[in-house]
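Below are the structure tokens for one structure; questions will follow.
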Amino acid sequence: MTDSLTDLARELDQFAKDRDWQPFHSPKNLAAALAVEAGELLEHFQWMTEAQSRALAPDKRDAVGAEVSDVLLYLIQLSTALGIDPIAAAQAKLRVNALKYPVDRARGISRKYDEL
Amino acid sequence: MTDSLTDLARELDQFAKDRDWQPFHSPKNLAAALAVEAGELLEHFQWMTEAQSRALAPDKRDAVGAEVSDVLLYLIQLSTALGIDPIAAAQAKLRVNALKYPVDRARGISRKYDEL
Amino acid sequence: MTDSLTDLARELDQFAKDRDWQPFHSPKNLAAALAVEAGELLEHFQWMTEAQSRALAPDKRDAVGAEVSDVLLYLIQLSTALGIDPIAAAQAKLRVNALKYPVDRARGISRKYDEL
Amino acid sequence: MTDSLTDLARELDQFAKDRDWQPFHSPKNLAAALAVEAGELLEHFQWMTEAQSRALAPDKRDAVGAEVSDVLLYLIQLSTALGIDPIAAAQAKLRVNALKYPVDRARGISRKYDEL
């Protein structure tokens, strides 16, 4: 893990240690917590049109930002717990996606790669 | 957004532009996609014990890492679409959490702050 | 639980017993499995427009139906495990919602009851 | 759809019509709402041990029951919107699962059918 994510990871680790929360923070529980936060993030958008979601009022954007944080914080803690470098994993995934979705076949199409 | 996340954000933006995927990438759709990936991440752990989740076999860990990437990639794209800096938002959230969960009251307790 | 749901609940219970799956089927795990299936259900719709989601092709509708089943099967098993009657609970919830969302104030509005 | 679920479906349909909510209730939005509720259901269990989840206090059980209702209510509305009979679909799925997970091979094992 690199840069500012590393700092966040270290801070989160200390935060949990200071509170003796490691017994609760099994990867299984962290993955559940992340899914819960992903649901709270989605809740903000559930009745919006797509157009409305592209033009959020400032206070709504801040509320969404807080949920984005929660997802990120659990993602970092899960990565730390499992020894995963999320940035390196994401870069690797992006390279895989570039092969799965070649520009000339995927342009303007939202289907999965195995249905292109 | 800072450091390596900025690079990823730029690459992802170009990736979507090259494929004319922006019409699909409304914040609403990105939030749904993130929730779907969070579910796929959780699927790996659903029948495990917590102890098993702390001791993943290497191939399982890699599979989990790929799902972590997918969550992160959508989180970055959603942040870009909304003009949110996820690192700054996470740092702010961490400061809020420090106030909500003072060390002396939260130690060893998994309850929410309003039930402490 | 009533009617055909009772039959399903009984069949599911026997299904799990025949396979010695009760040790895996803690309410916690069933709730995680349900969330995973809800994600798979949502995946079918994630890049669709709302209009497209109202006009599914027959094979897509069947695929969605299979995910609806999976959610329902875990919902029933979770209810059995906790001694909850989901139909009675849903009827009670509907009565609560009728008070929270009076017709004259909620008409045509998707906001939550505390923002009406 | 049969029995008491049919009654609930009819009531929910009228509830939405009385409030002019059909424009919000596209299958896409209902699937998102269901995933959000599945997250709220999971939240109750995220830091519990499996043993704790098998022995809920009565007030916790009621709170979980309310979330079970919310999931069921959206499941019914989605089924109505798509013309799916959830009971028939669940019965069909159960027959498929019986073939995928034969008793003698699946006993005591939580792996997916293609890994048995």
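Annotations
Here the chain labels run A, B, C and D in written order, and each chain numbers its own residues starting at 1.
Going forward, contacts are C-beta pairs under 8 Å (C-beta built on N, C-alpha and C of every residue); 3 or more make two chains touch, one makes a residue touch a chain.
Every value quoted in this text rests on a predicted model; they were computed, and no experiment measured them.
Taking shared numbers over all numbers used, the chain A to chain D interface scores over half, which places it in the same class. Looking at A-B and A-C, the interface holding more C-beta pairs in contact is that of A-B. Each chain gets a centre from the mean of its Cα atoms; for chain A and chain C, those two points are 25 Å apart. Chain A and chain B have CA centres that are 2 Å apart. Within chain C, residues 24, 29, 32, 35, 38-39, 42, 45, 47, 49-50, 110 each touch two or more of the remaining chains. Touching chain A in their complex are the following residues of chain B: 2-5, 8, 11-12, 15, 18-21, 23-24, 26-29, 31-32, 34-35, 37-39, 41-42, 44-45, 48-54, 56, 61, 64-66, 68-73, 75-76, 78-79, 81-84, 86-87, 89-94, 97-98, 101, 103, 106-110.
Per the touch definition, chain A reaches chain D in the complex via residues 24, 29, 32-33, 35-36, 38-40, 42-43, 45-47. Looking at the complex, you find that chain D touches chain B at residues 32, 35, 39, 47, 49-50, 110.
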